[in-house]
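Paired with chain B in one complex and with chain C in the other, chain A is shared by the two complexes that follow.
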Partner chain A sequence: MSEIVVSQGSSRRIPWLSIGFYLAIVALGFAVPQTLVSARIVHLCVLICIYGLLVYGLGFLYEAAGQLSVAHGALWGIGAYTTALLTLNAGWTFWICLPTAMVTAALFAGLLGYPSLRVKGHYFLIVTFAFAEILQTINTNWRGFTNGDTGLVIAVAPPPLGPISLQSRADWLVFSFALLVLGIGVLAILRRLPFGRRLSAIRENETLARAAGVNTVRDKVLAFMISGAYAGAAGACWAYYQHYVNPHQFDSHSGIELILMLLIGGIKTTLGPIVGVIVAICLPDLFGFSAAQNEIALGVAFIAIILLMPEGIVTFAQKLIHRLRLINVREL
Partner chain B sequence: MDVWTFTQQAFNGLSVASIYMLVGVGITLVFGLTGLVNFAHGEVMMVGAYTVLAVAPRSLTALCLAFLAAVAVVSILSFAMERALFRFTINKPINGFLISLGLILILQNTLIEFFSADPRTLPPVFESVWQIGELRFASQRLLVVGVTGSIFIVLYVVLTRTRIGVAIRAAAMDRETAGLMAVPVNKIITATFVVGGVLAAIAGGLLTTLFPVSPHLGSLLVVKGFAVALVGGLGNVAGAVLAALVIGLTEAIISGFGYSEWSDAAAFVIMVLILLIRPQGFLRGTEVA
Partner chain C sequence: MSLLQLTNLTKRFRGIAAVDGLELSVKENEILAIVGPNGSGKTTLFNLISGFLKPSAGEIIFDGAQIGGERPDRLVRRGIARTFQQAMSFPQLTVYENVAIPMYASERSSSTDIDRILSKCGLQGVSRHQASTLPYGKQRKLGIAIALATRPRLLLLDEPGAGLGDDAATELSALIRDLRDEGRTVLLIDHEMPFVLPIADRVVVMESGRKLFEGTSDDLVADPRVIEVYLGHDFA
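After this line comes the complex of A and B, so read on.
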């Protein structure tokens, strides 16, 4: 047991097995659109990538800074609405909307995070939940601006940018998957920077981190803004991919579902969140439940996971395989 | 806005504040004792509301019976939730919070399965309206204020004058020390959950007499409840009562000026302002910032 910990933590040996594993997954991801799979599967894969972007952003906030936000569905909505409104009212293209949506969502995250992360305790959870709920009421009621319940329709497709063209679903899959891989990579780098180290210190012991000279409020708000930017990017993709936004897609429920996806897979491993997303998106297709039944099943499964395997199914499976001594999966 | 309209809106605000008060005090009691952020509280309330709707009372006696049924159903539900789920997360409130998220999905969608997602109204039990000058007091609203008032008198007496009330407050201050002083902490926690559930059930029942309800209303009301608890000082019952009045009246006055669609934002703005200016709430809560 101790041997494994040593090889995992302190040695500088390059984990070839691990690198090979992830490269294989990435290659597989880019290969899917080249094969003759049905349009439905390609569509599901795009959804998985967009949700993946959201869930990894949320996971960064939770894993690195120890904070959970229910407002991620709402920040996603802010990204989507920014994109839709700028496209419809100002005629901006996708390639300008994407960074704008990221910045806007990050700004909202900052405005939301500053008052609630300043104080210790559960205020952040409560404020993010309230924000999600209030934003939905505003999106629904402010008809002149957001078109209320009817929502907004984007009929145009993004113009080609250099070699990237987003005309078909397969194009979208390649683009969103690349975005997801890039996003995960950026987060992995962020964790290894001094900023990421400071966040870990805050997560482990906030008082101690503050005593050691870490500006805990600034770092936590910054972490929330970064994860907000991920939500903004997902929102921009969503608006252009689905061609439609309405207030009910982005309520507190979607925020709750994102937390469910994150924790079903578990946050301890790189692949955990995406496994959770895949489970949550593909299960309804397999069982053919109605929307309500599907959410009930998701809720039951989630509670069972929290009570029985709080580290999520991926870590649980790893431990199981390890116990069966099949391969040393801890290295992945 | 003249004096009459203002008083009228204040009265309407009072009836809405009563609902917020019932929800918020339930939340603040449970939070004070266990540190649990239970977002499923709003769904528990909707279970109470739908029990009353299912009975569909036509007379005063039937209304009382409907409320008793709601209280019974929600008591059993709260008891089961505490014993089967939240008991196991008592030392890790964040897991309790996550479980409450799962419960939101389960309870809300169960209600949708049984009653559909469309809004429902309770046919008015009292049609009468009292009129003083230009003021109109609908009996239904008077009922809401009256019931809430009586409940809070009882709750105040129980919390300050009885052994169990003192035990609850002692356990909220310091669970371990209270346990050493022979307070049966586990039973107290279960009891507080049930009391919070009962308050929510009554709030849900009263809500059906004021507005059309749908299963989705739960999350908006739990937000209001948490706003009340947070603005009053998390864990502080008197603070929650005060905060409910402030938030309810502010919303009513905003509606009085003709911006009723924006009134929901009032609770959120007040909450953020309180966090910036006085994070411990109106009255100091158990979780000192």
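After this line comes the complex of A and C, so read on.
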């Protein structure tokens, strides 16, 4: 029934540009580990995939609630700490920690979202900022549990799961890339389900959505939980890939960085998040920036993009292509 | 038989009563118009019945159940739908997708109704258009179409005729009568007396949150209190 509605009501064209981009990325993602590229490039690609999961999750929350959350860095930390603590204290393997981290981060997102999604705009941003700060304070000061500033070291690699082995960086790239593709695919499916349609209604006009029978609080909290699960998955991968977690990796500052990545790429497009992540991860490496220089560069890039292309790089590129096409048509 | 019964319904904002001890009974399958000057509490009354506001006191009984303070989405499932004073839509979605939203929200609705609703509201020719591109009159009809897609028993129309030209207002009057003839109950607010009086089975006049008058259109235009407070002597 739903499919009939979509096909009759939609006037969207097939997004060939996006499809082509994704196919190229998929081909590249699986090809890179097989080639003789440097370990540094493989490492950057793994980081792009992990951050990609985070930023796509964050973008999904924006789609649902029209809200940006600073707490996403903290939810990422919940996934990472859940994984580290369960591995070190209970001897759980990565394969059990991964879904557990997703569920834990989703539950925290639900607990945060239920009261906070009732407020909007700056208020929501402040609530999520406070959540991130509280969590960092707990992680820093509850030394008996989290080891405080020293952090936790995971010295083991995940055991093989059937044909999946995560012993090398190249293995991690294939796995994290597959996880990112799966994550993007799941979000694409969710958007086409009744739940996704309701979210689009909430984003467009929440008052009317309520009058049309949409339980807006439930759907927004559910979207926040899904977004949190993505952060949890990224956290689990981070903990095992980096072998180390500490509170400062997941503070409110990291949450703001994720927002910047989303805004730089473009908040309204499917390609935007990954483009934002690639810019934020690769450019500093390309120029050999230190951590402090990196922060400055990200800030400068953000200001430049807000001034020159306020809807992000991808929307700017789409408009540019559209304009060039119009010029070509006129010349013909 | 009474579908909606309001008993001593009161809504106060910081001590000021926007709706003040209102008693009202809406019969099944009738068009009841609520008129009154600005600030008389009409839209607050709609917000109370549709769950967008919680009553300070009193009861709202719908189909035998007390519904005061229930959430809007629950009231939609009970069969109460509303439109808004401003023409509202989901602007970036197509007209078809707009009308489909209640279907995604509630098991009460089905996709088979959508074409029929679009046709009834005169929107079938623009079903693939983005809602924000519609002219004003069609945007108002789209609001009604979205409400109808929830399959309501009680339809609350907030100033449906506002800003419409003569032809569009005539079409809208015919549509509201059709809805009543289909068995729906319509509660409508409007300032345009030439629009309201011919279609309303009964009219209630509100003033300062209270009921000033209740009766037929013919009785209304002859009532000296209504003429004094609302219509003015020129109207009579």
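By definition in this document, the second predicted complex is superposed on the first by the 297 of 332 C-alpha atoms of A that agree within 3 Å, B and C clash if a C-alpha of one lies under 4 Å from a C-alpha of the other, contacts with A are read in each partner's own complex, and residues count from 1 in each chain.
One rule holds in what follows: contacts are C-beta pairs under 8 Å (C-beta built on N, C-alpha and C of every residue); 3 or more make two chains touch, one makes a residue touch a chain.
What you are looking at is a predicted structure, and each value in this text was computed from that prediction instead of being measured.
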{"item": "Partner chain in contact with A:Leu23 - chain B first, chain C second, else both or neither", "value": "neither"}
{"item": "Which of chain B and chain C A:Leu182 touches, first, second, both or neither", "value": "neither"}
{"item": "Which superposed partner A:Pro194 touches (first chain B, second chain C, both, neither)", "value": "second"}
{"item": "First (chain B), second (chain C), both or neither touched by A:Gly213", "value": "second"}
{"item": "Which of chain B and chain C A:Val156 touches, first, second, both or neither", "value": "neither"}
{"item": "Chain B versus chain C as contact partner of A:Glu204, first or second or both or neither", "value": "second"}
{"item": "Which of chain B and chain C A:Ala90 touches, first, second, both or neither", "value": "neither"}
{"item": "Greater residue coverage of chain A in the superposed arrangement, chain B or chain C", "value": "B"}
{"item": "Chain A residues within the chain B interface of the complex", "value": "68, 70, 115-116, 118-123, 125-127, 129-131, 133-134, 137-138, 141-142, 251-253, 256, 259-260, 263, 292-293, 295-296, 298-300, 302-303, 306-307, 310"}
{"item": "Contact footprint of chain A on chain B as seen in their complex", "value": "31, 35, 37, 39, 85, 88-89, 93-95, 97-99, 101-106, 108-110, 112-113, 219-220, 222-223, 226-227, 230, 234, 261-262, 264-265, 267-268, 271-272, 275-276, 279, 287, 289"}
{"item": "Residue numbers on chain A that touch chain C, as the complex places them", "value": "1-2, 4-5, 8-11, 194-195, 197-198, 200-201, 204-205, 207-216"}
{"item": "Residue numbers on chain C that touch chain A, as the complex places them", "value": "50, 52, 71-73, 76-77, 81-84, 88-97, 100-106, 108-111, 114, 127-130, 146-147, 149-150"}
